[in-house]
Amino acid sequence: MRKVCLALSFLLIGVLALPVLAQDMETPQMGWWDECATPENLPDTVTIGVVFGLSGPISVYGGPQQQAVQLAVDEINESGYLGEGTTLVAMFEDSAGDAEQAIAAMTKLVEEDQVVAVIGPTLSTEAFSADPVAQENGTVVMGVSNTAIGLTDMGDFVFRDSLPESSVIPGTIAQATEVLGLEKVGVLYGNDDDFTLSGYDVFVQALEDNNVAITNEQTFARGDVDFNPQLTALLADEPDALVVSALAAEAVQIITQARDLGYEGPIIGGNGLNSPSVLEQSGDASNGVIVGAAWNIASPDPLSEVWVSNYQAAYDATPDQFATQAYTGAWLMATAIRCGDSADRTAVRDALAAIQDFPTPLGTFSFDEDRNPVHTPVVQIAQNGAFGVLGAEE
Amino acid sequence: MDTLIQQGINAISLGAIYSLFALGYAMVFSILGVLNLAHSAIFMLGAFFGLIAIDQWSLPLWLAFPIAMLGAGLVSVGLELVAFRPLRRRNAARISQLISSIGAAILIVNITQLIFRQIYNSTEAYLPRDLIPSDPIVIESLGLRVQPVRMLIVVIALVLMVLLQYLVNRVRIGQHMRAVAFNQRIAALFGINVSRIFIFTFFLAGVLGGAAGMFYGVVFLNVTPFIGEDVALIGLTAIVLGGMGSIPGAVLGGFLVAGLQIFSIVIGGSSFRNAVVFLLLFIILLIRPQGLLGQPESTRA
Amino acid sequence: MDAVLTPLLDILRPIGITEPVLQFMLVNAILGVSIYLTLHAGMFSLASAGFMAIGAYVGALLTQQSDWPLWAALLGGMAAAGVIAVPIGLPTLRLRDIYLAIATIGFGEVVRVLILNFDDIAASVLTTLQGERVRFRLIEGARGIKGIPTLTETWHLILFLIVLGYLLTRLHRSRFGRAMAAIRQDETVAANMGINVVYVKNMVFILSAVLAGAAGVFSAHLTRIITPAAFGFDKAVDILAFAVLGGTSTWIGPIVGAMVLTAMPEVLRFLKEFRGVFNGLVLLVVIVYLPGGLVNPAGWSRLWQRLGRAQTASPSPSTGVD
Amino acid sequence: MLELNGISQSFGGLKALSDVTLSVPEQRIVGLIGPNGAGKTTLINIISGLSHPTSGSITFAGEHLHRTAPHHITRLGIARTYQNIRLFGDMTALQNLIIAQHARGHASLLDAVVFAPRYRREERDLYQHAEMLLERFGLSGVAQIAAGNLPYGDQRRLEIARALATRPKLLLLDEPTAGMNPAETRALGEQILRLREDGIAILVIEHDMSLIHQVCDEVYVLNFGQIISHGTPNEIKADPAVIEAYLGSDDDASA
């Protein structure tokens, strides 16, 4: 299996060097999926709406997400994925991380612009505000970074391609406990943020399930930059590992400051720590950071590698997990439109729900009956500035 | 005990940043009687200019630092000219000036956001990690680990504060500032160019705010157009705690808020730290409505 | 009601104001009036965001957990905000100006922190009482209360504002309203005129809290989810901007200010990434040229005169820069 | 009517008043004179409840005023004016007089909302009384002008009218003629005398001795926080202690 992958990777590098050839050769790249025929009944333009946090602090995530979707849309149009003469248009709206603006943006897209489907919003809290607007209008809305529990319970038009924390973290803890022999840990989490707090909930449950004791819990608030007080308190108990539920910017600080305080043990994190900036910015300090996530930049999946290099070529930056999920989301949406051969909202919903075993940068992707994603998360450990599979070394 | 000393050092270095930031607020307030809510944007610009100087122009830190301060100072003067002076001319209520400063802050943050996107294709960027040697100074006997950058900040902050104190008390323009703060009309009668003093005050406030922002960037490396929001409320709390418009009060307030935040984490966990800060503020205001080092209100009337 | 609303929305929709936007404009108008009341009695209070949070949480719990109808939850949320305003106002309203502003912001911050930690506090209290570990989830901290039914309808808000407008006109013609105005102008003299300053200030503070509570209930039943982050320092400053941009000389001002400031980001959506820059620019320019706010005839006529002068003197360009 | 007994007041070690005993009988006009900084305004502030004495007692119409709130004192029947005019500048002259009748009214906010008969009757009465006062002080013509825009003399008279609008039994006037010319002063004196006929007792602080002579039944002299003399205007004028107190001071006491 591994050999096949390796071979594919080599092939891919060659393909990248000769993009023109790639089209002809039908090598693994997005859009390569032969389960449904090229659509014939689509209008000249199919417009999908995209709601991301493009201004304010949330734009750190929303900005790359927008670029990812745009990249996907360009690829889809160039490859004629929706058939000759059909152009996919993404209409972007900013929600600024604010529930009211998310509702307004969603209403504008769904009711005024009459888009076929919507991707977004960036935050779970925005999704809980705005997704019902789409649901009430019988329009598909797909979260690409919403990890909160119960999101898709809002209705049969609500989808997401982002693995909820509850599908990622338990595996991470189980594996880490096994490999590292954890007995007691200190927990540090952001308690004023939905994302980090839900992550904390799942961590605590998972630690309990694996009989790992929690010596001390500390919290921080979004925008905090000095974690010395919390870390000093946590490290006083000499834990086997630090468990951290934080977003990227805070995670960098936590990792570097913990190392500065002399802590050398493992640091276990969730989705939030899974950002290229975490590794880049914390340098050697990141050695021993264990991350369970839906996707990682080091993923050996050939589609993932193509995606990363395309993104780098287009924007001169490395994509993070949320951007990858946004990119995948756009492709999933296009695939639903293609396979449904219709720009009708309900047809798109049905076609999307039917997607099974679709090859994506996230791995082989399916929706379950609750419109949640099914694919294998990865548990990885940072060594010398790069991620490797946990337990695989030595 | 070891942790307590360690936390004490944390509190002092954080307090130094808060104090420098709060000083700018306090100086503008002492002269105008108006809160400059755009001061947090100036703080952010300090970090931003520092980032540009180091990351884009590859300048050394010792050169980037004055550039950040100067840049922040100049934008601060721009604030006075655009957001405050026209309103003063129209005898507008102070509350209108407060709102115009909010408008200016929104403007600055959004423009910075656009520039960020242009340069970094993102709304965040990081200062290089090896800017200052990060090997901590270890004092084994006390079990202490101190990052050099933190010591550096405390030292530079103290130097800046002493310089400011000297300027205000010993130099002519500083004395003119105090005269204008005491009574504009009388100061004008004595031949002091009041509008020049305003500009100078805004410049100084901007320089100090920019320095605080630059420190913040150097310590925490992560720079975004929004870091001002993190300190806006803290700075306000510091000057109210210390006494509005009092320069030593702002310094005291800054250290006090930092100390409280950190020790409430040590004692009761970090969930309540801002609540603890505000409860203390509340109690102090009820006992001393003018803040710790502020002048009683009756003397201003 | 629909007969009026539908054509109104048909006019507004092309410029970007859909029904939800209109609803938030109206909710914010209530908040504008809330802070206007305190400003009109000379109190620089920024507590409205905190009281809005209290109203939102109480109202949401009442409809969601106890199945109360909206009108009952509205009364519940208003009452809760009003009751909490009493112990807050009594000590705090002795402070003035910026000190009062900071103390009330502190109140909002404490409310926010309490909401974040409410479940933990309750859990630890229950744990000590019962002697075994108890898990408690009600307020949900930063996760927010989700799935709040969208019970607020546009006509509720319009009706509420109409009634509020009537009450405000009557207020200004009542003893109480005149006492408020007197306190704003000179607290000492007002006391010497036989006005019980402490009583009036506290009553106004309570009324302001009750209105903010109402806005909170309405808002919670529009946004479907409430999180403490929505009621922080930013919100407090926003509410202040509603009142000041609109102008505080009449009660119309804060309503207009709130509606304009709420609509602006939506109307400016076509500017894409320049939206935020323009938003700040508009706020700055309006307040610089109309320091008394949008609803302030004297300010407009002064501006008109200035423009007229600038035009007649246009040959020399320097006058425009002045 | 008003009895001050051994009033002392100190501000942080500084003694502003010491052992001041003074009384204002019913239907009398009592003058209070003294050099600048003698503590006259401090005394008025204490009587009107703005500050509380360190020691001593105040009785008004048989009631003991101990730490009584200012609005309560007004309701008991004491009204005052201010040395530097403190009108509600943004409001019209008429509105100033309406507000001053606050304690007279009883209509609640609810009455105003539903236009209760009580509210309408009360409003009518308030406006009538206000208009009566405006006429009495020759201000009818400026009723609708913002108080802050009135000429100085009008402002002085409006302030007295506003004090009267609270329907006091005792009126405290703090330098009512400051800034007026002799003719205006004379006219104001006439009006003060007429107030006495209406049954109002008056305590007047003045520098202008001509007014004191014109209106006062008796005079107290305050110097360095102490009463140094008490008697009829003529007795005071002859008191050597008073002359000494004023000597050397660049005061306009003899004007």
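For clarity, chains are labelled A, B, C and D in written order, and residue numbers in each chain start from 1.
As a working rule, a residue touches a chain if its C-beta (ideal position, glycine included) is under 8 Å from a C-beta of that chain, and two chains touch if they have at least 3 such contacts.
Just so it is clear, the model here is predicted, and its values are computed rather than measured.
K.L.:
Quick check: which two chains are joined by the most contacting C-beta pairs?
P.N.:
Comparing chain pairs, contacts are most numerous for B-C.
K.L.:
Determine the chain that sits nearest the middle of the structure, using the mean of its CA atoms as its centre.
P.N.:
Chain nearest the centroid of all protein C-alpha atoms: C.
K.L.:
So which chain is farthest from chain C, going by the mean of the CA atoms in each chain?
P.N.:
D
K.L.:
Find the geometric centre of each of chain B and chain C from their Cα atoms only, then give the gap between the two centres in Å, rounded to an integer.
P.N.:
29
K.L.:
Chain A to chain D: how many Å between their CA centres?
P.N.:
76
K.L.:
Where the CA atoms of chain A average out and where those of chain B average out, how many Å apart are those spots?
P.N.:
37
K.L.:
Please list all residues of chain B that touch 2 or more other chains.
P.N.:
In chain B, residues 110, 113, 117, 229, 271, 274 touch at least two other chains, as defined above.
K.L.:
Which residues does chain D have that touch at least 2 chains other than itself?
P.N.:
none
K.L.:
So which stretches of chain C touch two or more other chains?
P.N.:
116-117, 273, 276
K.L.:
Once you've mapped the touching chain pairs, tell me: line, ring, star, complete or other?
P.N.:
other
K.L.:
Between which chains is there touch?
P.N.:
A-B, A-C, B-C, C-D
K.L.:
Give the list of chain A residues in touch with chain B in this complex.
P.N.:
55-57, 59-60, 63-64, 67, 191, 217-221, 223-226, 228-230, 232-233, 236, 249, 252-253, 256, 260-262, 277, 280-283, 315-317
K.L.:
Touching residues of chain C toward chain A in the complex: what are they?
P.N.:
Interface residues on chain C, with respect to chain A: 13, 16, 18-21, 24, 116-117, 141-144, 146-147, 150, 222-225, 227-230, 265-266, 269, 272-273, 275-276.
K.L.:
Would you pull the chain A residues touching chain C in the complex into a rising list?
P.N.:
Counting only chain A, the residues touching chain C are 54-55, 92-94, 96, 98-101, 103-105, 107-108, 111-112, 125, 128-129, 132-133, 148, 150, 154, 190-194, 196-198, 222.
K.L.:
For chain D, which residues count as touching chain C in their complex?
P.N.:
Residues of chain D touching chain C: 48-50, 69-71, 74-75, 79-80, 82, 86, 88-91, 95, 98-100, 102-105, 107-109, 111-113, 119, 123, 162, 166.
K.L.:
Touching residues of chain B toward chain A in the complex: what are they?
P.N.:
Per the stated touch rule, the residues are 3, 6-7, 10, 14, 110, 113, 117, 121-124, 126, 129, 134, 136, 138, 145, 147, 216, 219-222, 224, 226-227, 229-230, 261-262, 265-266, 269-271, 274.
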